[in-house]
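The first chain written gets the first letter, and so on, giving A, B, C and D; residue counts start at 1 in each chain.
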Amino acid sequence: MADLSLNGIPVEDTFAEAFDVAGTAIVVTNDTAKWAMIAATVMTGFATSVIGCGAEAGIDAELSPEETPDGRPGVRILLFGFEPNGLKEQLLKRVGQCILTCPGTACYAGVEGPTKIKLGGAIRYFGDGFAVAKRLADAQGRVRRYWRIPVMDGEFLCEDSTRAVDGAVGGGNLLFLGRKHADTLKVAEIAVEAARGVPGAILPFPGGVVRSGSKVGGRTKGMMASTNDAYCPTLKGRAGSALPPECGVVLEIVIDALTSAGVAESMRAALHAATEVGASHGLVAVTAGNYGGNLGRHHYHLRDLLTKPGAA
Amino acid sequence: MADLSLNGIPVEDTFAEAFDVAGTAIVVTNDTAKWAMIAATVMTGFATSVIGCGAEAGIDAELSPEETPDGRPGVRILLFGFEPNGLKEQLLKRVGQCILTCPGTACYAGVEGPTKIKLGGAIRYFGDGFAVAKRLADAQGRVRRYWRIPVMDGEFLCEDSTRAVDGAVGGGNLLFLGRKHADTLKVAEIAVEAARGVPGAILPFPGGVVRSGSKVGGRTKGMMASTNDAYCPTLKGRAGSALPPECGVVLEIVIDALTSAGVAESMRAALHAATEVGASHGLVAVTAGNYGGNLGRHHYHLRDLLTKPGAA
Amino acid sequence: MADLSLNGIPVEDTFAEAFDVAGTAIVVTNDTAKWAMIAATVMTGFATSVIGCGAEAGIDAELSPEETPDGRPGVRILLFGFEPNGLKEQLLKRVGQCILTCPGTACYAGVEGPTKIKLGGAIRYFGDGFAVAKRLADAQGRVRRYWRIPVMDGEFLCEDSTRAVDGAVGGGNLLFLGRKHADTLKVAEIAVEAARGVPGAILPFPGGVVRSGSKVGGRTKGMMASTNDAYCPTLKGRAGSALPPECGVVLEIVIDALTSAGVAESMRAALHAATEVGASHGLVAVTAGNYGGNLGRHHYHLRDLLTKPGAA
Amino acid sequence: MADLSLNGIPVEDTFAEAFDVAGTAIVVTNDTAKWAMIAATVMTGFATSVIGCGAEAGIDAELSPEETPDGRPGVRILLFGFEPNGLKEQLLKRVGQCILTCPGTACYAGVEGPTKIKLGGAIRYFGDGFAVAKRLADAQGRVRRYWRIPVMDGEFLCEDSTRAVDGAVGGGNLLFLGRKHADTLKVAEIAVEAARGVPGAILPFPGGVVRSGSKVGGRTKGMMASTNDAYCPTLKGRAGSALPPECGVVLEIVIDALTSAGVAESMRAALHAATEVGASHGLVAVTAGNYGGNLGRHHYHLRDLLTKPGAA
């Protein structure tokens, strides 16, 4: 099925089709890295698909005290939504439920961009009139606005707003066709680690991996999406299967990023990392998912990702 | 402010007011404990309050292969909602987005109870007509029904339904009034660990702890709930503060359980564990939150929790 | 059961307990009054309770061309939510789905108030960069900002923002205890008409009337709210019934308003209108619903509503 | 732009692309036709798009007492969702908020089909243990199950379940290119009336008409959908406009139906009715919207709709 190859692994000459989405980032800090991660993990939970969860979210990076506005350990969280209004709604809900509530946390803008999204400026209502605004210059000398919202452990310091970027993209993807489950999962895990290493990119599914690929529509029953039977190993015998005989398992990774270049580089890193260990883990081939190209504006051709990361 | 004491720590003679809620449980297994926990963590994320998130959820226990239906490592997840229909909706969404999607997982009923909640019987639609039912006797000889839903890594095995219990309770709570943040957080962490040790009880907030206690209504602005200024240390100087002068931080734990006895035992375990380390961590007092008693049907008087866990 | 009376109808000496909510208003205009009403009816549908629908909404008034910013027929819509952020979210969703979509409509701020809520300023994103801002002085000489968003029937003119008020109240109510269904429904319809006549007040339930009164909690099954059995005529024989023997039907009206005075005046108007026709329609008594007084900050004592509307 | 014509109006040789959706129906009755319609109107409000509102809904038909299960006036409501689980959730929410609450209403299954959807069987929980089941034979002699749920005006009689159909389709559509707004709106209204006349078909937008056509994606800003600039008359001067010079307004109708044939017949009826009055109302052309054909499984070619309704 493949016309290309990388590290000896066949790579199908196809493309991942991805979509314009709305994207933003915040930085969450705490007295300890442990509690920053606790808050971030809860906030980014149940955020695997915009349609099913309202948002796609993930942890972009753990930040050292030198990298955060308040000199405490932190985490950078990315959040993606269908459109700017839906993104704002999800950001406020998730910060209000998972960051405001968590002992010790503070919350800052995590990205520059053209569109303001109220953060502390909206959550301050919880302060019932006791919240106070505060202006401070940041390390670059720019004046920034914060809210100090009284809570039971002192104050929740929350920046007035963060920014939505232009150009975020959702739905970059790779499909790993393997022989055995444990081996292919190992390949996928290595791919996830590489993909996550690219700044500004997250993989919203559990552990970064998906096994429930879907097709548009279904044979029956009013499903707008249903299992992608062409890629189900147990249905390999049927007409329409896209799987070679030796393939026993398919795993997918899905990538959202603040920029289209971020999706490309994250896919590239994953493709290289996966194929490097592919031969020793029974990797049969790598491909990508698309809708024929008419739906999403962004097409990432695997052919273009064969050169090494950073080689350009 | 306190008329009682435990382990030398003042305990206010008051009660936690809690509510009837709808509750259920599932068991998620995987080839490895690591991936069972990945799926469970994502599924129980963004589930800190029913009003804000649609559900309250948490991990009840890690299960050894001996404790699961398929002999693989697993996790027991509890999920709570306002009422049975809302609970079903959240269970399906979260299993569909976070368990169906996760490589290797299977999903089973996690509790007996009077009301059936469709699980695999609903998710099978994703299988687009390829899903097949399967009946198997469980270890107790009861015939159970499962669905095998084709996915890209093989099949998602999902029990046809789980059960909602009668008698689940949400909103058990304790408030720890401390001197310093790190010390009081340590007390709260120890309380959380003890509270979680009670089977059938979870603590839905990040790390089990809340710092954004709220009161009903507010002074202005159309808030149905706002910061509980009486318990905010930075507002201690104001009339109406409930905090003694030496209190610099208040942390709360909130408990949901499948039974009322579970809430009581979980609160009891937390109260004892917290007060045992309280003297060495500057714990000023322990109290609990209520709405005057007219709203929630369940009142957990701290007075009744002073005897040791298991002493009854 | 009643210690007071009005127009010969017993009135229980009790109070309606209501809540601070977030509230806003918009004005929707169209070339014809018919199409303004079509858009408003769809936008305010499925908006009977904040918990169940995300918002409570209704039509405050039909406006003549002289009363609208663009000299076309219009409708004033009120929308209420739990808190300001939830209100914004619902306003945008409902305007985006039901007003932006409807041929011929324009949309304006419908109330002054301290808090800005983006309207056109958020919906303009739909315009994909083709939307243009426009500043115009209104009749009072104040400069206002609008967006002209290209759509297939020309442009959707939408004011940049509306305002959320301080002091909105949700949950004013009256209960009409009657003998026969049709008669009592007639009393309720007359009460609704009177209550709706007060500017700034709406009745969010179908036709303004509710028959499914609820109590907090339930006997079993994890319901946070369930049927108010004390007011169910078919359960009159049971201990705990609050209904006199001659009562065969109870209907409730629920009122939300932009001000607390609006709730009071709307309840007052309804109480007087209902009791005036009560004797000829078998009205047994009028009462109101509360939670003991600890939950909602606003208490409307029926005793205070016995003087005539406008008599003060 | 058109290769076909009907009643002298050019018809583009293209197709409407529509989707498999989940669909169901209920019948709502009341003592009066007025109150049946009040309940139905509120229940089907804010239901213009599945993505934005969670459901698409509309009134299929007013029913005479002879046509309903309880011999009272009634309304048949259709409800459509993404997939069966989402459909159930929306049905329960909307019946619980808008039908259970409304004085005098009863609720029955409105369609046969392969999949059961709990209705009274789920809402009975509101009855707090007081609801009682009741079995009755229907007019065809089949035993049906109902729940009698005590409410303040007596009992809410609600059938245990309704059915989801196989084969429902969402997104049939026609676009009317006109000269003047009022004339084209008149054409659209006539088309809506004809389209609604087909049993099992509804038009979910306000008044059945849409003016905010959208394209997939956008030029900027993270929109997954944005205004369909090619069909915006104010952008006619730009490259990429699909509008002929004489076109000053475009209005769309969108059709959902329980069967694919229902969509086709509804589109056919609308196409004929619109073109019949087109010449006298400045109708420039009729076309339809699609995504290139790769996305939705159902393609309704206008070419196939040129023969008269019922002519086949």
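To be clear about the criterion, contacts are C-beta pairs under 8 Å (C-beta built on N, C-alpha and C of every residue); 3 or more make two chains touch, one makes a residue touch a chain.
By chain, UniProt protein names: A, B, C, D = Formylmethanofuran--tetrahydromethanopterin formyltransferase.
This structure is a prediction, so every number in the text was calculated from the model and none was measured.
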item: Maximum centroid distance from subunit D, chain identifier (CA atoms); value: B
item: Centre-of-Cα separation between subunit D and subunit A, whole angstrom; value: 36
item: Interchain centroid distance [CA atoms averaged], subunit B/subunit D, Å; value: 41
item: Distance from the mean Cα position of subunit D to that of subunit C, given in whole angstrom; value: 27
item: Touching two or more other chains - residue numbers and ranges from subunit D; value: 83-84, 93, 96, 125, 218, 220-221, 223, 225
item: Graph class of chain-chain contacts, one of line, ring, star, complete, other; value: complete
item: Subunit B-facing residues of subunit C, complex; value: 19-23, 51, 81-84, 87, 115, 164-168, 216-218, 220-225, 291-292, 294-297
item: In the complex with subunit C, residue positions of subunit D that touch it; value: 31, 35, 38-39, 41-49, 52-53, 93-94, 96-98, 100-104, 125-130, 149-156, 175, 181-182, 184-185, 188, 205-207, 209-214, 218-221, 223, 225-229, 231-235, 248-252
item: Footprint of subunit B on subunit D - complex, ascending; value: 83-85, 89, 92-93, 96, 122-123, 125
